[in-house]
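Please find one structure pasted underneath; my questions will follow.
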Amino acid sequence: MLKGISPIISPDLLKILMEMGHGDEIVIADGNFPSASHGERVVRCDGSGTTELLEAILPLFPLDSYADYPIALMQVVPGDTVKTPIWDDYKAIVADNASEPAAFEEVERFAFYERAKKAYAIVTTSERALYANIILKKGVVTT
Amino acid sequence: MLKGISPIISPDLLKILMEMGHGDEIVIADGNFPSASHGERVVRCDGSGTTELLEAILPLFPLDSYADYPIALMQVVPGDTVKTPIWDDYKAIVADNASEPAAFEEVERFAFYERAKKAYAIVTTSERALYANIILKKGVVTT
Amino acid sequence: MLKGISPIISPDLLKILMEMGHGDEIVIADGNFPSASHGERVVRCDGSGTTELLEAILPLFPLDSYADYPIALMQVVPGDTVKTPIWDDYKAIVADNASEPAAFEEVERFAFYERAKKAYAIVTTSERALYANIILKKGVVTT
Amino acid sequence: MLKGISPIISPDLLKILMEMGHGDEIVIADGNFPSASHGERVVRCDGSGTTELLEAILPLFPLDSYADYPIALMQVVPGDTVKTPIWDDYKAIVADNASEPAAFEEVERFAFYERAKKAYAIVTTSERALYANIILKKGVVTT
Amino acid sequence: MLKGISPIISPDLLKILMEMGHGDEIVIADGNFPSASHGERVVRCDGSGTTELLEAILPLFPLDSYADYPIALMQVVPGDTVKTPIWDDYKAIVADNASEPAAFEEVERFAFYERAKKAYAIVTTSERALYANIILKKGVVTT
Amino acid sequence: MLKGISPIISPDLLKILMEMGHGDEIVIADGNFPSASHGERVVRCDGSGTTELLEAILPLFPLDSYADYPIALMQVVPGDTVKTPIWDDYKAIVADNASEPAAFEEVERFAFYERAKKAYAIVTTSERALYANIILKKGVVTT
Amino acid sequence: MLKGISPIISPDLLKILMEMGHGDEIVIADGNFPSASHGERVVRCDGSGTTELLEAILPLFPLDSYADYPIALMQVVPGDTVKTPIWDDYKAIVADNASEPAAFEEVERFAFYERAKKAYAIVTTSERALYANIILKKGVVTT
Amino acid sequence: MLKGISPIISPDLLKILMEMGHGDEIVIADGNFPSASHGERVVRCDGSGTTELLEAILPLFPLDSYADYPIALMQVVPGDTVKTPIWDDYKAIVADNASEPAAFEEVERFAFYERAKKAYAIVTTSERALYANIILKKGVVTT
Amino acid sequence: MLKGISPIISPDLLKILMEMGHGDEIVIADGNFPSASHGERVVRCDGSGTTELLEAILPLFPLDSYADYPIALMQVVPGDTVKTPIWDDYKAIVADNASEPAAFEEVERFAFYERAKKAYAIVTTSERALYANIILKKGVVTT
Amino acid sequence: MLKGISPIISPDLLKILMEMGHGDEIVIADGNFPSASHGERVVRCDGSGTTELLEAILPLFPLDSYADYPIALMQVVPGDTVKTPIWDDYKAIVADNASEPAAFEEVERFAFYERAKKAYAIVTTSERALYANIILKKGVVTT
């Protein structure tokens, strides 16, 4: 544990967050996301939910102001009637942390998988909510 | 995730719990325990507390009925005035899960470190409570 | 060994089953399947047959309800007169475990090989029956 | 699979059996034996029982005629009332395979653990019988 | 060494032969074959000739009855006047071992190299005869 | 880079600082310290001096209040006339960061080497000052 | 440390500089560059700025006189109003070190990323200046 | 060291020369060749020049009589006025060692790089002469 | 293969022979020797007998003239009536190769095992003769 | 290659020389020294002699002025009549490079081996001279 860093962030995850540079992406995945098959660099955070992790990570770096959408969500599969109330939590957490408004993009399920493969890392959680996967694009650290 | 297994248990931890045999020990360590320097096989569970993990692990195997004390706690350092209310939680959880009563042993701090080095694995948590480290000795699985 | 998990499942296999996410596939292969040359992640279960493994694995996760065919079999090569009574066993085991009916797809031999290469893992068995290979697609764990 | 070799023997186990030389020992361990913590070279045979493996292994090499006891069993812990009928099965299998009578030694539990650490390999099984662990010392292959 | 297995087969080679499944190929290469540059999985058998190895390997598995040519030889380069009497030895050894006749295919030198790259393994020998390379395709083990 | 973390701390160093637990030690070594031969876990920080690193590290964790001397310096070799003005800088930096006074211990050169071998990590610097090596013992993180 | 080599160059970096041959490129990246995701061979120099490193590296090898532009900078993204005064420092340092004038090329941001992927190594720094990334192409060492 | 083998050949290089088969190529590179970036299998021979190595290697295997040009040199870049007297030394050494005349091919600089990438190994030297790189194609060893 | 080197010597073995220095020992072991459990560096030569290997190795280096016994054999176990005619072959081969007479030492079985553990390498063979193990101590290469 | 560094020093050796700190030792070994069996960190410099390497290394760091003997030679074995003229070369080279006189210690053969095991690295050469092994103890780099 370190002073000023959320204790739910593991040493590996903290290292990965610090290694990321401008434009690199990280996926915070729910418990059903096929993380192990889609990412070479996978950090297990089985004891956390996605909202807790988002709250722990966002204070550590800004989102990418060069990108149109620094945040991406997995679009609900057509025909699926699942609701995604967790998205509202995400938007509130982002609004609380970001210095400027950040737009959310919705990405079709299989396109989301392909994008996850190219992300710098995938963080797994034990999140039970469906469609709770979220991608963050890191911005420029200036302070 | 798997049906019937707590989602806070990671795949690595589940594998380790299954690999353990009669008499092998596992340490569930609090956030200040020097896990990385004392265990070769360390599983990070930074998002969980020790009580949650104890509750998730105990349904998976019995404690060792061949040993006098199948459970060990780290003794409070003489002169330290810290209280350890979490120990009562541990005792309640064990009582809920064990088929027969299991005795708790208190082990002096540095002796506890030496025993942790010989354990099959150390599980790290983000537990804030002090003296929350606990060692479990696995018993014989018969069912 | 763990309580509630079939002892024929090895720690490595259990870890792999837990790592799999929605849409990941696993191949349970018979003794003649070219597993080592087709899978990077191969789990040896030489002491088990395919039906025993199917019975041990299916209670651990649901099949994929998003897919038309969550299960695939290797089609008999045209001209081959071998019978496949083991398929009936498979169907009975699936019916016993699945909460909803699951359709079986038959895949041509070399297409099956290509699909096996992309599976998350291949489990080898010492099954003597021919055409006993079976692919399972994991669904969403919700409980 | 290979002609003339029992299909419950995995490729790794077969390689290990062949690598062993005169005087090397192998442990066939029951499902509760702490294999992973006591052997660097561990072969998982979770789908098999100890008697099946003994029957599969003994045709492949002779026992050590230079040793007083080429076979060792784990002694029942004093006070334990468990019976060990599986030992009779072992003796019958050995009698069927060995060209000359082979004496069985009983080794105290913790001494057995120490000896297992020095064995060339430990084979794990899913054997439910207690005290089913058995050590074989390989003899000179002359044919 | 093991009873019933030729002592010129190394433990690694035996493991590889057992890992191979239906349709996998193995190259037995002469001393001048560029094995190290063409195979990721190379087994050195420098003390043996190709005929000895063929005699040691063929009793262990059947050739592939699903393939038109379960055996391939490297075609003599046009203009090369070398004779290949060792091919007759091969045909006699195959005839002695196979339960049914097996057809030999001749493959052009560079096509042979490409096929060797895809083989499950290449076995090197110290065979002095030229054009002594031979590929075997494993069949279905049914006994 | 991360917000709130000094950019002279590398991702590896940050991970190591977070992995350390109560009582673990870290050596900040000068440019002449035999780091590579005395530590298995060595982090190179060649672009920094020891004072800069001390200033960057101390805000991240408390020193060990359970130890008599949470900080150690390498004693000047008897007969050596070198002065160590950098020690005053160290004391000022510690005073600025610590919540309570921390005592400095002087350790004989070869005893210092032995202690460095047991430290969790050694951080190398390009510090030109002599006798600039310093050991920190991590305390309990409570906030 | 070695006589005549700047102490801010780590042993790994020195080895890499020496391994590079005619035409190989090295990227000196600022603190926001996505180094870890773009280079397989990454050397962390978190305690240094880019100008310090450039000054330390240039005395060790000549720039490539066979190339039109032995040096490349990352072009400012259109619309970005950031100034790049550090480029003037670079030009002065190059002029001080090079035996003959060396031309600077400006490369579009994403083309720069692609070129960085092919570079022999990426050196990370804690440089705060934006657009401070610079690529050097090594020339022929003749003395 | 071994009797009959030049002591400037390292054990690794000798192993590589022996592993090479008919048609495999080896590059003997001068001190400025980008070896580390172009070869996965690189042997450092920094204390030797290219002519010494050529003299040490050629007695160990014949050149490829099946190829039109068993030897390749790097063509002088158009416009470069460097002379290549070392090529005459090469021709003399080859004439001294080869049982039959061997033709030299000149390969354009970047084509030479591509061919070096496919070679079985690149041997680096500290050769100061420019354009001293040479590729040898191994022939059939018959004695 | 290389000119002048016996083709039964593998590239790995040749490398090891060359790496050995004055006083290093190598064990040529028969097919029953427990090589895998006694040597970290084991070279498999399953296709060769011990006499063939001795004949192939001795031309490559001199025996140690500083040692009283540069050669060691495994003493027959008291009570064992096995004859060791192969020792005469060894003596004849040594006499043919050594420039000066070399004395043979007989070492008790378990002392031989301990010495084998310290040898630089153990070479396994498929030698059927008993007590055919032989240790060679390398001398100073002067030519 | 780098400007100002002898081209006979390999990148690995340069890295090792730079990693060494005050009091670390390096062995420059002759061609008969058992380097591979005595050092975990071995750098092959087969193309160089010991005097050339000594001349290349000494300009890079000072010898240890804290030690009585910063240089050690291997004592001639009693009874051996070999002369060691190379020692005079060593003394001349040291005198040319050292800023202050450095004393040479002679160490008995087997004691020398033990010391070599503890050295930071052993550099092998193809030096033919006997008793040419030399150990250097690195001093404090102050410039």
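For clarity, chains are labelled A, B, C, D, E, F, G, H, I and J in written order, and residue numbers in each chain start from 1.
Throughout what follows, contacts are C-beta pairs under 8 Å (C-beta built on N, C-alpha and C of every residue); 3 or more make two chains touch, one makes a residue touch a chain.
All figures in this text were calculated on a predicted structure; none of them were measured in a lab.
Enquirer: Shared touching chains for chain H and chain I?
Expert: A chain counts here if it touches both chain H and chain I, which gives E, J.
Enquirer: Matching over half of the contact pairs by residue number, can you pick out the copy of the A-C interface from C-D, D-I or H-I?
Expert: D-I
Enquirer: Count the C-beta pairs in contact for F-G and for D-I, then report the pair with the higher count.
Expert: F-G
Enquirer: Using mean CA coordinates as chain centres, what's the gap between chain D and chain E in Å?
Expert: Their C-alpha centroids are separated by 35 Å.
Enquirer: Report the inter-chain centroid distance for chain A and chain G in whole angstrom, where each centroid is the mean of the CA atoms.
Expert: 32
Enquirer: Indicate the whole-number Å distance between the mean C-alpha point of chain D and the mean C-alpha point of chain J.
Expert: One centre to the other, that is 52 Å.
Enquirer: Taking the mean of the C-alpha atoms as each chain's centre, how many Å separate chain D from chain H?
Expert: 54
Enquirer: Residues touching two or more other chains, restricted to chain H: which are they?
Expert: Expected reply: 1, 11-12, 19, 31-32, 36, 128, 141.
Enquirer: Let me make sure I understand the interfaces: which chain pairs count as touching?
Expert: Touch list across chains, by label: A-B, A-C, A-F, A-G, B-C, B-D, B-F, C-D, C-E, D-E, D-I, E-H, E-I, F-G, F-J, G-H, G-J, H-I, H-J, I-J.
Enquirer: Which part of chain G faces chain A closely enough to touch in the complex?
Expert: Against chain A, chain G makes touches at 29, 31-37, 77, 128, 130.
Enquirer: Please give the residue numbers of chain D that touch chain C in the complex, ascending.
Expert: Result: residues 1, 7-13, 31-32, 36, 44-48, 52-53, 125-126, 128 of chain D touch chain C.
Enquirer: Chain J touches which residues of chain I in the complex?
Expert: 19-24, 66, 120, 140-142
Enquirer: Which part of chain B faces chain C closely enough to touch in the complex?
Expert: For chain B paired with chain C, touching residues are 1-5, 11-12, 14-19, 59-62, 141, 143.
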